[in-house]
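Sharing a structure below in structure tokens format, with a few things to ask.
Each chain gets a letter, A, B and C, in the order it is written, and its residues are counted from 1.
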Amino acid sequence: MRRVFNVLRALLHASVALALQYRIEFVVEGALALLWLAVTLVPLLVVFGNRGAVAGWTFPEMLVVLGWFVALKGVLEGTLSPSLLQVVDHVRKGTLDFVLIKPADAQLLVSFANVEPSRVVDLLGAGGIFVYAFHQIGHPPSPAQIALAAILLCTAILVLYSIAILVVSIAFIAVRVDNLLYLFQSVFDVARWPSTVFRGVLSALFTFVLPLALMTTYPALALLGKLTLQTLFAAVGGSLAFAAIARLIWIASIRRYTSASS
Amino acid sequence: MRVIDAPKAPRLGTPWGVRRFASLYAQLLRTGFAEAVAYRAEFLIWMFSTNMPLVMLAIWAAAARSGPVGGYSQQGFAAYYLCALLVRLMTGAWVVWELTMEIRQGTLALRLLRPIHPLLQWSADNIAAIPMRGVVALPVTAILLWVARGELSHRWFDWLLLLPALAGAWLIYFLVQAIIGTIALRFESAASLFTAWLGFSNILSGYLVPLDLFPRAVRDAAQWLPFRFQLSYPVELMLGRWNHEQALQLLGVEWIYVAFFFLCTRTAWRAGLRYYAAYGG
Amino acid sequence: MIEVSRLRKWYRVHRREPGLWAAMRSLLHRPYEDVKAVDDISFAIGSGERVGFLGPNGAGKTTTLKVLSGLLHPTEGKVSVAGFTPQRRERGFLQQITLVMGQKQQLLWDLPPSETFLLNRAIYDIPKKQYQETVAELTELLELSQLLGKPTRQLSLGERMKCELAVALLHRPRVLFLDEPTIGLDVSMQATVRGFVRAYNERFGATVLLTSHYMEDVAALCPRVMVIDKGRLIYDGSLPELVRRVRPDKRVHVKLSKPVQRADLEALGTVIEHRDAEAVVQVSQEALQHAVARALSALPLTDLTVEDPPLEEVMRDLFAQGRAA
């Protein structure tokens, strides 16, 4: 375990060293992240400009959902995507062998290979959104609600991570697949609205097939104190199952890569 | 230190006859089409990634469940966003990514050795991909007609103007990308500049929110900025917002912008090449 | 240290003709063929040995190396390296081996090599003292002190290769797999790499397996060679012995003070080169003494040397024989 921690720390160290090398770009990326935050907020501001509640959610409540969206997007685009895209690169260049020959779990090595520290702005922005939203609501969330939200944040990240691993496992079969990860990133935009915005087929799609709406809705419900125990268990159980499936598929892909490639 | 004279940038267009240029461009189109077919999987996935209008439609449709918002009913929103999606699909450009990548990898030098302007090939690539884009645009059009036919303009004049409007929108997008890409000849952070442009354009072009739903100050500012002509103007035409005169006037403004960006591209390219030949390569 | 018994590695490759019709047909029926990359190879290598794999492109050298390092699974046969089954990729196994591939690198591109050192240190769990000692030694042996602080992309190809070697050896592996390590390097850098590998082997007793196209690599480094052609092991022994078996002829290289007739040279043996001031004649082992004596007495010599034919030609002959067989 200590070893895993050391490896993670070393990977993060390398990413930060790289970011600090290009200092100007680091600042510019941070500023752009702020701009994008503003752009993300604009539609919501306009929608609620002359409406009190939409699909059963008030403005501050929707802000909470949006806050989680911003945070998760930061995690996705700040570390999951760039790291896993490197796997595709490795397969293309033939350097995946270097990863496989190391005495550390390949999945661990590739998952955090590339962290973009400027995306921490997204996390800070999410925090700012939460502060504002709860200011509007009038009272802050209770510690229990915060704890619950933290658990659901972890399940959300786990699901996000598992989807990314699944997509990248396809890279072992069809190399030109970094597109699929971009596709997923853009489909993820659906998660900026709470799940009740969607009706019918779309609702079913985004709840069971690609649980996107839940990734932001559930933590928001938790923070707002509206989460049922049933939902909590379903979310945690579901995400653990999903992660297990993704891990199995990753291992199978690696095995296939080592037995089939030249 | 004497700056080595940059190779004269081949003029955008022709020192040869029109005929020769036409046959050259036809070949470029053919090559571009072959490439689009070869990369069709990536292309289709890229097209499907353009789903922001649908995401926005979701929230507006939910908001309009209990009644129209700012003059848009649920159908109205559907019409707007599906038209926006169509316009975006048909006028997309990616030359900024090609240009910055080639500069970074050093392969731009090879292109510059050829007797035609690199932008010609890239523009041909883009245009030749229209059939590919049509593949995704067709079902969107079908859905548009099925769901919100009533919202679309009944005037043939609007649809006549749509063609030059789309062409202008594409040109503005392409030329702006070319300018930003050319900046990469000198400054590394061109990609960031483009991201910033995208950010402003998303708001001020009506991509995220119909322009007439913004507060007055934003609306007035957006009227005259080039972003509006990238998306909102063609959509306005499709929805029959303007009469003959107004539509023509706006088309005129759009093409003034096209001419402006065309000139900027030429200047930027010349300046960029001069710098590139002296320091980079 | 390394034991390989009846190793076979096949790939199933699907054949597909180009065209739309063939693409549709392939949905129903996909003809395939089995490519035998490695076809029944057996050998054993002891600890501390330096062994070279020679063979034409596509012979199966790299495949064998990858099977030994656990990157590929054998289709049939038993493989054992340092007491482990490579295929299982156990941590104990991976700690003891290293892989260096020419033209491919594990160094992080935009960062200085020292950063990759730190990363590998964490991955291989190298204790601080040992790490510092190893880095100091490698820096001295390879003359890296000016290089470690510069981003990898700013280093020349040769400098990068030296740093690659250092990174690969940071954890003091007992088995070194080197796949075309000198490819693309200039002559002096090739010599540096060879010298370093030899020094490392002599100092730490590590086992070295090397594949290469360059005969000098193998000649300079490997007392023992294995020749692989079309997936089969066609020779396993010392290099001089190989030369003797395949091309027992010697080359007599003479320098002349004045031009001679071609017929005079042909009396010695087969004329390979004939210029005014020098000539090369190929002579069989048995006739060598006689030919040399004759040259010394009959020709106006300023110099005479006896050499083996160039290794390239030996190998070419060897593979030609293999194809004829």
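As a working rule, contacts are C-beta pairs under 8 Å (C-beta built on N, C-alpha and C of every residue); 3 or more make two chains touch, one makes a residue touch a chain.
Small disclaimer: the values here were computed from a predicted structure and weren't measured.
Centroid distances from subunit C, each centroid being the mean of CA atoms, peak for B. With centres taken as mean C-alpha coordinates, the chain found closest to the middle of all protein C-alpha atoms is A. Separation between the centroids of subunit A and subunit B, computed from CA atoms only, is 30 Å.
Centres computed as Cα averages put subunit B at a distance of 54 Å from subunit C.
Remark: subunit A and subunit C have CA centroids separated by 46 Å (rounded to whole angstrom). Partner subunit C is touched in their complex by these residues of subunit A: 3, 6-7, 9-11, 13-14, 17-18, 21, 93-95, 97-98, 100-104, 109, 258-262.
Within the complex, the subunit B residues that touch subunit A are 41-42, 45-46, 48-52, 55-56, 58-60, 62-63, 65, 69-70, 188-189, 192, 195-196, 199, 202-203, 208-209, 213-215. Across the complex, subunit B is touched by residues 24-25, 28-29, 32, 35-36, 38-39, 42-44, 46-47, 49-51, 54-55, 176, 179-180, 182-183, 185-187, 189-190, 192-193, 196-198, 202 of subunit A. Partner subunit A is touched in their complex by these residues of subunit C: 11, 37, 63, 66, 69-73, 89, 91-95, 97-99, 101, 104-106, 108, 110-111, 115-116, 118-125, 151.
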